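The same chain A turns up in both complexes below, where it pairs with chain B and then with chain C.
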Partner chain A sequence: MIVRQLCVRQSRQLRALPRQSRILARFSSTETTFQTPVQTPIAEPGSRLETPSPSVAVPEPVRSDANKDLDKGLARKIQFHSLGSDVTGVYLPKSLLKYPPKATDVTLEMLLASQTHLGHSTSRWNPQNSRYIFGIREGVHIISLDQTAAYLRRAAKVVEEVAARGGLILFAGTRKGQKRIVVTAAELAQGYHIFERWIPGSLTNGEQILGHCEKKIVNGLDDEMKIWQEELAKYRSLKPDLVVCLNPIENVVLLHECGLNNVPTIGIIDTDADPTRVTYPIPANDDSLRSVTLIAGVLGRAGQAGQERRLKEAREGRLTYQAMDKLSVPAEEKESPAGTPSAATTEEPTRKSRTKDEDDD
Partner chain B sequence: MATARLSPTANLLRNSRLFALPQALTPPPTPPTSRTVSESETATLPHPIRASIVTPASSLARGDWGLKRPLPTKSTSEKSSRPVVRINALDTFEHITDFESAADHTVTLEKFQELHMPMSLPAKVNYATTIVPRHQSPFESHVDNTHTSQGREVPGARQFRHSGPWLAGQTEAEFQAYLKKVRKNKPEIMQKLRGYFVAKREAEQKKQAQDNGADMEALEPVEVTDEEFQDYLKTLRTNPSSLGPVVFELLDLPSPPAVPSYRIGGKYYQSPGTKLSSAEYAVSGPPKTHPSAGLSYSRSHALIYNHPKHGPQTYQRPVEARILRPKGRFKGKTSKAIAGVAGIAVEDLNAMTFVEQGAPAGLAFFDASLSGGAKYWVTPIRASVDSDGRIGLASYRASATAKAPYDIDSQKKPGLYSISDVARGGQRVVPRLDGQRGFQADTEEVARNLMKNLGS
Partner chain C sequence: MAWQSPNGLVHAMHSIRRAAQLRPFLQRSVISASPISSPSTPAGLRQRMSARGYATELEPVAAAPINLAEFQAKPARIVPASAAYFSGSPKFIDHMLKLEALLARYASLPTVSPSEAPRMAWFKLLQFRDVVGEPVPTKKYKALVKLLQRLNRINPSVAPEEVRSALSLFLRPGNPYGIKPAPATVDEQGRARGKGKRKASSAVVHLVEGEGEVLVNGKTLNEVFPRLHDRESAVWPLRCTSRLDKYNVWATVQGGGVTGQAEAITLAVARALLVHEPGLKPILRKAGVITVDARRVERKKPGHVKARKMPTWVKR
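== the complex of A and B ==
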């Protein structure tokens, strides 16, 4: 009986303590004073324990030696973990992807650390890039850091302004390992992304390739406007207003189609790429994932700033872009959103397949 | 103060770690011989020629080595728990970063440092006697000098580097190129020679004054006329034995190997005594690196391991050596056994030409019955780097007293006749290679060692 009493109390006590400390105390103390009867009855079925017992009134829980050891161990652990120094300012690879810097925070040191200055082998160069090249070192061209910084800031400004005017931004990076980079940047900028393959003709022959995709019409606050399907079918699908290409060498077709459709493009131009393929080149290393992460992150941040600006304006009742004609909205939707009768059209092709990406349709 | 003003980009790039990587050294040259040299292209070089690179674990997981592109994990982090690479090219025409594992040299260095050996200056190890040359550290201030250091002004100071080339090691073309260079500098050299002549005359004058008991303070500065100087030149030209030392002094050349005995009677350009820190350098040429090669920076070999149970030990912990080649005839020459100690090939010093009693198994002949290859325990005693940059390690067989505190079980001793059945070819059963070898107490060796210690 008495033993069982002790058990109930003990197990409650044990439950109050973190399990980890119990193990620690057992290992760290040289003279282990655990009594087996204390531990074993924990496994007893609950029904037995709940049986009413005659002597319940014990005012103060008596701390056994074992418990005191536990307390001491816990105190020691807390004390130990508060010791030592906090190491700050360390490079954490994941932070570059999670918290990319703003374009104004980009420094030459950051670009250097991200290996943006390493170009290709000198035998691979495109002479049109000579203005971005700082020199030759160990057989590779070195891209000038200040050129990279300047062009990156310009491109970030372009992305921000396009986002602020409600443009559709498409991030395309189809190399291995660029998937997370592209998706993160597109999420920040509320744009779209491609990380597998650009289907040739998606722009020039978009009606055929992507015409079946779902469309939606949104208002100035990005709320979806419900209209009839027949009405919706009258609207043509949109093309992206800006394409950010992280590997222009592999995506020549995409850039060519953008050129045909007057879609401005931003591209990371390594020393072997053709800078005339894109509208706004960023001379940098496109092979290093760290360099691409930084550049895509900066552009994503710029897009985020632009979107925030646009939504703020919209909440104050101003549209940053030209409104489209009045819609014939279903009756119950008519007096809904916050004083923005005109709506921006943003179609989102949600093909159920893995690519949520597509740009235009 | 006088540094060129650099743009921020240039300054950053100059101070970056990638740009701080040293240029590759020239690989060790193949021996100049007409015979075919069969060497493996993938073999580990005698000394590293490129810097090794590591990366922190968080970046390693992403393949980020700070290079042009991420390195594939398959050949780095999946192959080794501590990958170290060396870069041959940052980028090639094929869009590939050319790299390879540098573990061969880094692990050899780690293993060498575990031996707790200081580096010594190279000295010829005489195989006839068992006496190993004394340890002399290359870090002593009277030998640790280059042609520019202040320490070489001290009388008797030696140096490990001269500004001039080692003529004995030059090819004809190199020598002609050097001659051309010297001829171009003729005016400066003549000026230097004139200074040398003046100093010589001053010393003579001083000596004469000393001998005559004249006033040393009242000596006039020596004036040398052009005529006198021309006469001096003529005497030098006619007498090779006096011209030799002057040439070596003026051009700061390391002295050549000793003149062969059949030439001693004739006329030759005498060279001054070697100033190099080791006599071995006069034979094989001045060293390519610092004589320690950065392998170890300790000066003394008086490092004693304090065993927790048995107290201070005379010997460092013995290391296991793999027998790479048993002794015997190799390429038509009798040679000593070669063992690998800490990744370095070492000739077995103790090996006798005759059949030894109690020698480790597998040393006298190849023994296929030893599982995992033949090994034995050695105590390294002396390490040095020769003028080609190769590590020379000398080691003795570990004695029983050296092995005793570490509970190292010796391999099974062969019986009274040290020739095993395998060697005789009379064996009729296939040896079990995976079997456990029995342990025998090495009482005989302990006794022999005790006698040796008592005798010495």
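== the complex of A and C ==
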């Protein structure tokens, strides 16, 4: 009994008035109550709880039912928010989405915790992936996380360099549940997103499919300029300079079009996917949203770093890419567009990073 | 400074000579800097880098100030106006994402039941397509309207301005729910006009105060409705309020059969009576004469004999 009393007295939960009775109920046995030792600290928390109330204060005279509900909810939050233990080292589903790590911060433990190592059933494997596979566990291929980390870092580098040179980066993830992931990554990297179906022909027949979508002319600091509006409307549809595909298996058409248009691609390659479909494979699990969140987040962060670098250069008066000189490029001349950072500018970083990676390997 | 020692003198002469050599380059660099399309490093910087000697000998020329105004005035590249450019319907997706973000932010606000929420006239699908200029499919627009309705259910007393302004973007111009028909009145000749429909018939009734005469299409009630039940139902609003001898009825009715015409007259008489005496509404409501019967003949379907009847099964 004495021990019980001590416990109750020391617990932090006692500081909350409404909870007290519940705790007592839990500890109560046949005895009814103990009055003196427990009751004393009650006055103090009451006053403590009243102090934050000014921040909640809602104008008194108009108190509709809705306001009352709101007050109640906020008051409850303030009352109980500081109580309880601090739980650490647990998986918070939204943390990866909100605070994606940089490529340099990615650890093998993080990759493992995000289930990036889980491949497919061994019977479904694509033998071209054998070099990324670590082994077999319970009939499932396990992807080598060393490889995943290395390829992820390389892909992040590619994204960063393309962003730093003003390229258009398209994030495509058309599976169910990938919408938030794709949009967040695209927002970070100031890129573009696709979370519904890729319309076949958006690259090969862009005039028809993307012709009505608006374009704009920006200066080096990304401020919109209202010039050459008529020419701009007639200008050919735009093509991405890099495509990040989170589910290459379903997006065969997208990757095919990218191949036809010489657009480099990054893809999450699971053990059943064809790694030759993408330019820069990232061997990882593409079926787990958690794994995809991590990878897309890392790439988004890399894009963000690249954009920051580009804008910093621009503020100092330097362009990291070749500026457009005129917009008089006829619509039919598709091989050497002067407007967007063309293949020449985007291929440079990719080639560079590829050689660098080969050196690393 | 440099002139004070013989060594310094040599250095100074040297620097003057180099400066003379540089002059044509410097002049050229001024010319080449003028065209707009030179995004690379300024020419002056390159010159200085190549002509680097002793730190003291060449008077360091400060770089020209960055003309940010000129930099900003130079078009650099063409980019899509929206992050959803490659989806083919960027405006719709931008709207969708914006509404979803709003809902995520204000999901915890108290809501009212759908019937209590303010009635909003959202764009019809075709209007919405015109507004965004994209071929939005029905299913996707329904999803958008669902989001709008959820946002609209936020209790109006706490709904943020942000939400209200976002919702107002999707409202049809004008206020279709604000248009109320003018209340009907008795005209200068003491007539109240009422219209009614039932089945395929439609009736217009003029009701005047009188002695209980009823004319339907210029004929008496007995001539038009041989069946007692129809005669009863035609003047039922007057009978159930015991006003049968206080009003004269002048009805024109067309279309449909006898029952339909009689019951169309019922509705029309009830409505006209309400113009004279609005206080009778509860009684008439209870008598069931101002409730519109909206049932119409169900269409015949292919493969059926009638609307629902199937042909008899025959063995062979």
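Throughout what follows, the second predicted complex is superposed on the first by the 231 of 361 C-alpha atoms of A that agree within 3 Å, B and C clash if a C-alpha of one lies under 4 Å from a C-alpha of the other, contacts with A are read in each partner's own complex, and residues count from 1 in each chain.
In this text, a residue touches a chain if its C-beta (ideal position, glycine included) is under 8 Å from a C-beta of that chain, and two chains touch if they have at least 3 such contacts.
Worth saying up front: this structure is predicted, and the values here are computed from it rather than measured.
Chemist: Classify the contacts of A:Gly303 with the two partner chains as first (chain B alone), second (chain C alone), both, or neither.
Modeler: After superposing on A, A:Gly303 lies clear of both chain B and chain C.
Chemist: Would you check which partner chain A:Asp223 touches, where first means chain B only, second means chain C only, and both and neither mean what they say?
Modeler: A:Asp223 sits against chain C, while chain B stays out of touch.
Chemist: Just chain B (first), just chain C (second), both, or neither: which does A:Ile194 touch?
Modeler: The answer is second: A:Ile194 touches chain C but not chain B.
Chemist: Tell me which partner A:His212 touches in the superposition: chain B (first), chain C (second), both or neither.
Modeler: Touch status of A:His212: second partner only.
Chemist: Would you check which partner chain A:Gln115 touches, where first means chain B only, second means chain C only, and both and neither mean what they say?
Modeler: first
Chemist: Between chain B and chain C, which makes contact with more of the residues in chain A?
Modeler: C
Chemist: Report for A:Arg290: first if it touches chain B alone, second if chain C alone, otherwise both or neither.
Modeler: In the superposition, A:Arg290 touches chain B alone.
Chemist: I'd like to know which partner A:Leu238 touches here: chain B for first, chain C for second, both or neither.
Modeler: The second partner, chain C, only.
Chemist: Mind working out whether A:Gly177 is in touch with chain B, chain C, both or neither, as first, second, both or neither?
Modeler: first
Chemist: Going by the contact rule at the top, pick out the chain A residues touching chain B in the complex.
Modeler: Residue positions touching the partner: 92-94, 108-109, 112, 115, 117-121, 123-124, 134, 137-140, 142, 144-146, 177, 285, 287-290.
Chemist: Can you list the chain B residues touching chain A in their complex?
Modeler: Contacts found on chain B: 7-10, 12-13, 16, 18-19, 58-59, 61-64, 66-70, 89-93, 95.
Chemist: Under the touch definition given earlier, write down the residues of chain C that touch chain A in their complex.
Modeler: 36-37, 39, 41, 66-68, 71-88, 90, 93, 97, 108-110, 112, 133-134, 155, 157-158
Chemist: So in the complex, which bits of chain A are touching chain C?
Modeler: Against chain C, the touching part of chain A is residues 62, 64-67, 69-70, 73, 166, 168, 170, 183, 186-187, 191-196, 199, 202, 209-210, 212-223, 225, 227-228, 232, 235, 238, 240, 314, 316-319, 321-325, 327, 339-341.
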